[in-house]
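One structure is given below, represented as structure tokens, and several questions about it will come after.
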Amino acid sequence: MQSICVEDAVAQIPAGATIAIGGFLAVGTPERLVDELVRQGKSHLTIIANDTARPGTGIGKLITARLVDRVIVSHIGLNPETQQQMMAGTLAVELVPQGTLAERIRAGGYGLGGVLTPTGVGTRVEEGKQRLEVNGRVYLLEVALQADFALIQAFAADYLGNLTYVLTARNFNPLIAMAAKTVIACAKHIVPTGLISPDHVVTPAPIVDYLVTNP
Amino acid sequence: MNAPTLIARRIARELRSGMLVNLGIGIPTLVANYVPERVKVFFQSENGLIGTGAVPEEGMAEPLLTDAGGTPVTALPGASTFDSAVSFGLIRGGHVDLTVLGALQVDQAGHLANWMIPGRMVPGMGGAMDLVCGARRVIVAMLHTAKGEPKIVPALTLPLTALRTVDLVVTELAVIAFPDGRATLLERGPGISLSDIKAATAAELIIPDDVPEMWP
Amino acid sequence: MQSICVEDAVAQIPAGATIAIGGFLAVGTPERLVDELVRQGKSHLTIIANDTARPGTGIGKLITARLVDRVIVSHIGLNPETQQQMMAGTLAVELVPQGTLAERIRAGGYGLGGVLTPTGVGTRVEEGKQRLEVNGRVYLLEVALQADFALIQAFAADYLGNLTYVLTARNFNPLIAMAAKTVIACAKHIVPTGLISPDHVVTPAPIVDYLVTNP
Amino acid sequence: MNAPTLIARRIARELRSGMLVNLGIGIPTLVANYVPERVKVFFQSENGLIGTGAVPEEGMAEPLLTDAGGTPVTALPGASTFDSAVSFGLIRGGHVDLTVLGALQVDQAGHLANWMIPGRMVPGMGGAMDLVCGARRVIVAMLHTAKGEPKIVPALTLPLTALRTVDLVVTELAVIAFPDGRATLLERGPGISLSDIKAATAAELIIPDDVPEMWP
């Protein structure tokens, strides 16, 4: 793990990158990293996240700035700008059931090719997917998702990069941390190594590439 | 009593102690206000919380503790938090005993459409498809009609949420179940006649001899 | 969740049941529940666990007492009795790679039909299984596992049944807790509700059916 | 220096700061004793620990903190613990940079057999198949022969652990890699001649012009 300033952390992200971002309606989203993506004008991004939040918050800021070509999300209902850009054909939206999205990202980080889920069988979600039957029940094969970068918001980090989360700000953060080539984390608190109990670490240090020092 | 309150109170009577319950946004959320005395249930918010409590007092909201609609909530003693994969493991794995969801349409077999109106409104399914697939019991809470148009229809015209049918639909006019895949009237709204219900329902509705008034 | 004495907890388990038991070489195994299975002579069991421990410890006691017809485990190397009974044909042993075993149990508890894993492709583990290719890589379809009962060893439980684990005694416990019809938990400490931080709960209370009061 | 120490010390030279490393039981475990100064690695025990430390002092062992062989260990500051699914997610997901494992046989392409001898010894694969599939780099630590019989063979006679071949084999006689799928001698053991190595190796071995002595 390397400590890094937010400007340098974002500078290494190329235009066109696939970025997974933590958060659920911006709760648990690293706002500082998102702001810096906007400031540096990183464009043509593909975003993997639960949702596109609301205009002016979290991932909504990337949508407003028109930096995103494609989103893979479960929900866009609270961001009319996402819907407008989708209708206008300037933003591709892949809608994925929330539980399926969580499992696809987890599979990407855990070295699984995919999972079999009953969710979506017989609906529009099934289009283009393989059906498999196991013990008499029908499932869809949902394949793994991975990202070039994961942008994480943690509650506390230690000097090695071990991360904890708090309350409902955990959501997709520990999942995307496993599923990206490069993991950049912001933390509300940075504490000396040893202050987080081993049993309370949620994202282990070796997974984290960069910890932002000025979040 | 207004329609949402009536619906929420009626559904709250389905709660049993020990149940793990997931409430959708809108009318379903109101169910939490009418949990019967002595009944202790766990409410799950699919953004990663079991033990969701009431809205916090003025000035006490914690921005990192919200429900699945992003509204600040409290957590009761004994609450637990977890990531989104665990949250949907609880849902898809059959550990959620009951979910209460809104609907755009329900067909006469009990199929549900609640996640998009093609070309007009595409909010995304969020957790709805997983909830309908995975929860042990699915109850729909909705107004009986939308702008005067029946929402309980012979066949869905909107995209399906899941192959699995719902167990109960509760509106301000009626409580409907789907034994043998056929919409069947169980209860009437307070002061509501059978002809009121038939007029507001496009689906074929089986009406038993005795249809008691709902007791919310 | 109901509190229960260990005798009554085990009394409800029928002979021939499929039981998932936590622990890794008996670390994190609920010894008191195992002892009671032996005392009540519950026989013809199918055991799902990481391993069969050593003779005289954890699941090894069930093997010694010849109560087990079948084990689904990743390792039996430290229990010569397991190997003897297997060679003698009195004990069926299904050997599953450890990571595959963890994922199959998790899938059972999470409502997934199975997962695609690269582990075992081209080896004896592949026999009888479906191969699937995703993005040019070959995977085995490994199907979900479930149990009738899960026997859990926790570190602390609160009065509602929320569970925490400690250090390397966590291992398979939280996975099997999700994957069984009936979950029976022992805890080293039982503490008042509210004393475990929501962020530190690993197995949420609604999953636990019985908490043993005399472990 | 005895053979296991020699092998462990040679492998320890492959460690780089920041690596997440999983060591198997036996000779591999010894590698932890020879981490070069200024190199900081994370050791994982697949029973659910990152930050595995040395054996505890007399009287300080905690029975609920062991390595994957069940031996009490310590945990270093900054350690983390997790369940078996996370542990193997780290392994299968390519987050483990290096694993060091024992072997029964290695073939001349680098395929490994290390989990059973049919009809004689069936310990089970434990985590070995996942480790060989998932770790970024796989090093085999073993004695060059077993009861005088070569363990590096033209073709495996024992069941395969994984289709993936290993990156390096380190024995007391030789360091061998598998460029283009062909066993190639990289280094000789201290004082060991090329003919010693050829005599103890059943596989076809590519021997470059210059084979330096290993520097453990």
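The letters A, B, C and D name the chains in turn, as written, and every chain counts its residues from 1.
Keep this in mind: a contact is a pair of C-beta atoms (placed from the backbone, for glycine too) under 8 Å apart; a residue touches a chain by one contact, two chains touch by 3 or more.
Just so we're clear, the structure is a prediction, and the values are computed from it rather than from any experiment.
Chains that touch both chain B and chain C are the following: A. Between chain A and chain C, the least number of touch steps comes to 1.
With centres defined by CA atoms alone, the chain at the far end from chain C is B. Of the two chain pairs examined here, A-D and A-B, the one linked by more C-beta pairs in contact is A-B. Centre-to-centre separation of chain A and chain D, using mean CA positions: 35 Å.
Between chain B and chain D the centroid-to-centroid distance comes to 55 Å (mean Cα coordinates, whole Å).
Rounded to a whole number, the gap between the C-alpha centres of chain C and chain D is 29 angstrom. Along chain D, residues 49, 75, 81-82, 85, 88-89, 91-92, 133-134 each make contact with two or more other chains. Multi-chain contact residues, meaning those touching two or more other chains, occur in chain A at positions 103, 106, 110-112, 117-118, 165-167, 170, 198-199. Judged by the touch criterion defined above, the protein chains form a pattern that is neither an open path, a ring nor a star, and not fully connected either. By the definition of touch given earlier, these chain pairs are in contact: A-B, A-C, A-D, B-C, C-D. The touching residues of chain A, when paired with chain C in their complex, are 103, 107, 110-118, 130, 132, 134-135, 137, 139, 141, 143-144, 164-167, 170, 198-200. Taken in their complex, chain D has these residues touching chain C: 45-49, 62-66, 68-70, 75, 81-85, 87-89, 91-92, 122-130, 133-134, 159-163.
Only residues 24-28, 50-51, 54, 73-78, 83, 86, 93, 95, 97-103, 106, 117-125, 155, 165-175, 202 of chain A touch chain B when the two sit together in their complex. The residues of chain C lying in touch with chain B in their complex are 1, 106, 109-112, 158-160, 162, 178-179, 193-194, 198-199, 201, 204-207. Residues 18-20, 42, 49-51, 75, 77-82, 85, 88-95, 133-134 of chain D touch chain A in their complex.
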